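You will see two complexes here that share subunit A, one where it goes with subunit B and one where it goes with subunit C.
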Partner chain A sequence: MTTKKHYWNEYQKEIAGDKYFYERSCIRQTFFPGSETAFLRILKEELGKNILDVENQHTCTGIGFYSDIVPLETTMTIVARLFSLMTEAGYENYVPSCVTSFGVFSEIVDLWEHQPDMLEKARNILLETTGRTFELPKNIAHPSDIIYKFREELKEKMRYRLVNRFTGKPLKVVEHIGCHYAKIFPDKGVGKAEFPHVLAGMIESWGGEVVDYPERRHCCGFGFRQYVVRANRGYSVANSKKKFESMQPYEPDFIVTNCPGCTMFMDKWQYTIAEMEHKTYDKKGYGIPVLTYEEMAGLLLGYDPWELGLQLHQVQSERLLDKLGIHYDPNEKYKSVSGRILPNPEKPQYLRV
Partner chain B sequence: MKEREKPVHGDDNPKPREVKRRLKATKRISRRKRLEFEEVELPLQVAIIGGGVAGMEAASVLAEHRCPVILFEARPELGVNVKNKYKIFPDFSDAGRLVETMTKAMDHPLITVNKDTEIIEIIREPDAYTLLDNKGVPHTVPAVLLASGYEPFDAKRKEELGFGIYEGVINSLQLEDMLREHKVLNSLGEDPRRIVFLQCVGSRDEKVGNHYCSKICCITAVKQAIEVKRQLPDTEVYVFYMDLRLWGQGYEELYREAQEQYNVRFVRGRISEAASTFDGRVQIKSEDTLLGQPLKMVTDLLVLMIGMEASPGTRKLGKTCGLEGPYGFVRSKSPHLEDNLSDKPGFFLAGTCKRPMHIAEAVNDGRAAALEIIKYLRK
Partner chain C sequence: MGNLYNLLTQDVRFEEALNSCMNCGICTAVCPAAEFYNYDPRKIVDTIQRRNEDEIEALLRSETIWYCGQCLSCKTRCPRGNTPAVLIAILRSVSQKMGYFTESEKGLQQFAISKKIAQTILDTGYCVHPDTMSYEQHPEQGPVWKWYTKYIEEIAPRFGANYHGEGPGALRNIRKETLEEINKIFEATGGKELMRKVETGAKNKTNIRNDEDLLNLVYNRNTSKE
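After this line comes the complex of A and B, so read on.
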């Protein structure tokens, strides 16, 4: 269907320009460890920004909090301690790596704004238990907001564009934002919740074409209660499947997300569906690669795909790299940081790699 | 509203003291000639802000009663909100013809119409009001009628419904245009296989901050559904509603007719989102709350039944005059016996600047306001 007007990029949020305090993500470091490294490298080396990555940080409690395992007071105290690390370091702009952390911080700060007695309570608990104090951040921005903000500057430095070098046409990209990025507080997401522009803006600036498919806003299939509770995992797969089937006719070249849950489940469930139903969602049976926005930016900036950690994804990305015209050494794919060649992982039966 | 003792006036504009003197003289004449007061021409103009059906009807009645009127309309045309409709419920009469009749009545020696003229400030004088227009011209008058009306809800604010994004998502006014042209087509220029109407877009909706019912949309959708079926008998028509409020004379009958004669299907449920499909149609998601089942449907056109909101002029003047009521509409003195009065003597209200009304209600309200003004000026 023809699109009349991309008015959804009209809403822009405030995103700090420099001096960021970075908070790491539990699951991002586990599943896509190259993404956080790439983000820090992009900010420091490409953009020359001041971003602090401290050692003594910890969970935000997000998954436990949203699964009703961790009580509110605990989460408030954890948030308070992370803010105290920022305050101690002399920073005011908080950048939580994970979309769920972004949701937790936005929600707790909003709660404190509406209920100052809860803020007081958190201050007291933190002081009693750790002797620490904190200031509230002036700006909370997700890393995808920051990449979005500087997308034009980064474009200048990029070696590749989101263009299929065999056909000369823009790559068709499915974008998906995490629920906790804009669905808790639409005002906190670029373009708000229904037609978010944070990833779409990057894709369009870097030469690609956003795929607007019927189930664009449908859940990725993550959903804490859907996968934490084993009996509910069928819902999780069913949701992802609904999305894949909806996007399949558009033949997307890849999917990009800004949430670790979306990246992980849209990637891994393609293997699960292939095993369950012998079905894959691209014509040749390889599946649709799922990237984080840092991986997308890193590839276009010319970073080594294996340093970015693309080999750790379920759906492999060589065919996408070929379309982009990115050179890679297949022999380097499974090499450790120390240079040791690691054994190749077992190949799935139905999903081609 | 500003209040002042010594205003600055243009050369042709009467001073408030002069307005007061002439008004007193008129009242003396009218007391003397109580029985034939219609024959006495008032020496001063009454200002009407807004040239919709309420404002035009008030102007017409005032002029008939020998009261000169100056009417201000911010837009280049009169009666635009009604003119934008094709046929009006419940009798399918022609909206354009209705506006034409009312506009012709403005061609009266005692009526001065100023189009493209917006009133930007109203200053309360002793026994008079000075209106400043957008050209900087002051108009001092003994009485003002605010009839600044409504504007249709901007469906872009319901972003989940994709209005302004997908060609197949249109509002009820755009459908009126299509019906007028006899060109109800899908985004590919073909006859639509299916059309879905959605009620309460921008009305009874906490998300957009409008808790009130716009009251014309239920019957408008029924009317439009019938018009579609008359023009395209093979098109499937669905109407999604929260509850149908068919309160007016003939409305319930039209609703039955839509179902019995035209096979229009009514589904109780809200539409949660619209999205494009691969073949250029619109996918909607909803729940049939009578069956208790979620549903997904593909349609060629999704018609959003947009509600009524206070117009920008109503909002602005309501605020500056201290008459701001709920949702930006203006507040009357009392909803029962003094609904055309404000709490300011000489300042009257009519039509949809107060609340949503259908056409006949707004016309009647304009007429009632005119009689209140005559009563005020001749007392």
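After this line comes the complex of A and C, so read on.
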């Protein structure tokens, strides 16, 4: 047992404990703004942490970089500008909200470590173009790392568990980890690339059961240019489909991911496949709900599902909320901020909502 | 040593991307692009390793180098520490530098990516933004997306977003001074030069001068049988 524990220690990463500089994700702001809000709320209100969200931040260029339309030197200098904001604010622990950004920062810092002349180049160009200077972060952690680190503290505050209240059994959860979290630099991820534990740890601590299925580590199929260009989207949906087919026999109650793109694609591609092929991956035709880890944590902490933004997913979550025993008001679902009841979204032809 | 191979090695990433390939094919076995396309990263790495100038040039003009999705699963698995996906990124970079990208349907798509991603970064400070993701161009997003983008001003604040607002928060307007700094960085580091090169190359090749017409063509056209 001691040997096993010692071995597992090698699979951990350093995750800073407080005073975080937060960088927002383009995809999350666009599709799941409630998850970023929930992350900041959990850190500030539940854990009493110091986390800074500044207004003059911006994209890391990740989608452009990995679509090969933004050159390395450009991305490197944009990263340098983001680090300068952290330095200016007196912070040292960088928290990029997006897994793509997490990959970009890991790659650029690795490049600078191996080729110090490139770091020098970034410093010079940034100074010339903006007058800014920067220090490298002492720690780079993804928000899912931080929730993982404090999963037991959060458990103490949770009102619900990942348990089916009708059967008393643990909910079966598919966890999907964004490729750029640990496949580029295995040491940067909890459990490395072989035993990724960042989401599994949350699920197990909070009462659920992790589904281990054959295509668990296959990419969701985002593929950057393979989604951005309409003509290529077959690549994207086909890879998600491969995963759905593989997980279906295990009858998962929901999917949770730590990557913005994966959350969106695994949700939207279920709709697309349902409409194109009249195929859904649950028995009743509703699809498998896909949550972010903050939505999962927020629900268990008792946050309002409609304030978290669950209505923004195409696969609806009411059946999951029922299993969790979470009370919700259906009349609140489509209300505006001022309380006006908005018209409901159109119903898909095939996917049940 | 040939000229194109030299160009590839001049990329600062080359040294980390290719040590030596023993042709085991594990990269191809794990590759999502190889699942979907007639695509074999092992062959590409081997072509570069053999330094055959004619074959490298053929690659730079091909559809093949545009099939990779940059998931980097190959990096984790290569027993020799190579990164085929980064070699692909280097090939794409050289293909754009040499103007060869216009020889393939998928290479020409760089014009759409430039307009949809790079230009959005310069204009808004975001890679993607709800204002640039219309339901008409993204029918796969489904009716909830159609509904959300219609009522976004009224409903986004419920999720704590600051849509087109001042100050911090999700979807805030990014200040003019910040956008100016981003633009200066793009100009000084070759970001804008690449956008101009892609635009000029795509327009000359297709003889379509109107941005919207060219965008519609390269964004939607899919004649691949592979």
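Here is the rule we go by: the second predicted complex is superposed on the first by the 343 of 353 C-alpha atoms of A that agree within 3 Å, B and C clash if a C-alpha of one lies under 4 Å from a C-alpha of the other, contacts with A are read in each partner's own complex, and residues count from 1 in each chain.
Just so we're on the same page, contacts are C-beta pairs under 8 Å (C-beta built on N, C-alpha and C of every residue); 3 or more make two chains touch, one makes a residue touch a chain.
Everything quoted here is computed from the prediction, not taken from an experiment.
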item: Partner touching more residues of subunit A, whether subunit B or subunit C; value: C
item: Which of subunit B and subunit C A:Lys347 touches, first, second, both or neither; value: second
item: Subunit B versus subunit C as contact partner of A:Leu111, first or second or both or neither; value: second
item: Partner chain(s) touched by A:Gly234 [first = subunit B, second = subunit C, both, neither]; value: second
item: First, second, both or neither for A:Pro249, with subunit B first and subunit C second; value: first
item: First (subunit B), second (subunit C), both or neither touched by A:Arg216; value: first
item: Touched partner set for A:Val190, first subunit B, second subunit C, both or neither; value: neither
item: Subunit C-contacting residues of subunit A that also contact subunit B; value: 217
item: Contacting residues of subunit B [partner subunit A, same complex]; value: 156, 159-160, 164-168, 187, 273, 275-278, 280-283
item: In the complex, subunit C residues that touch subunit A; value: 11-13, 16, 32-33, 35-37, 66-73, 75-76, 89, 92-93, 96, 106, 109-110, 112-114, 116-118, 121, 125-130, 133, 137, 140-148, 151, 154-161, 166-172, 174-175, 177-178, 181-182, 184-191, 194-195, 198, 218-222
item: List of subunit A residues in touch with subunit B within their complex; value: 1-8, 192, 194-195, 212-217, 249-250
item: Subunit C-touching residues of subunit A, taken from the complex the two chains share; value: 24, 26-30, 33-34, 36-37, 53-56, 58-59, 61-64, 66-74, 76-78, 81, 103, 111, 114-115, 118, 125-126, 128-130, 179-180, 182-184, 186, 193, 217-219, 221-226, 228-235, 237-239, 242, 268-269, 271-272, 306-309, 311-314, 335-338, 340, 342-348
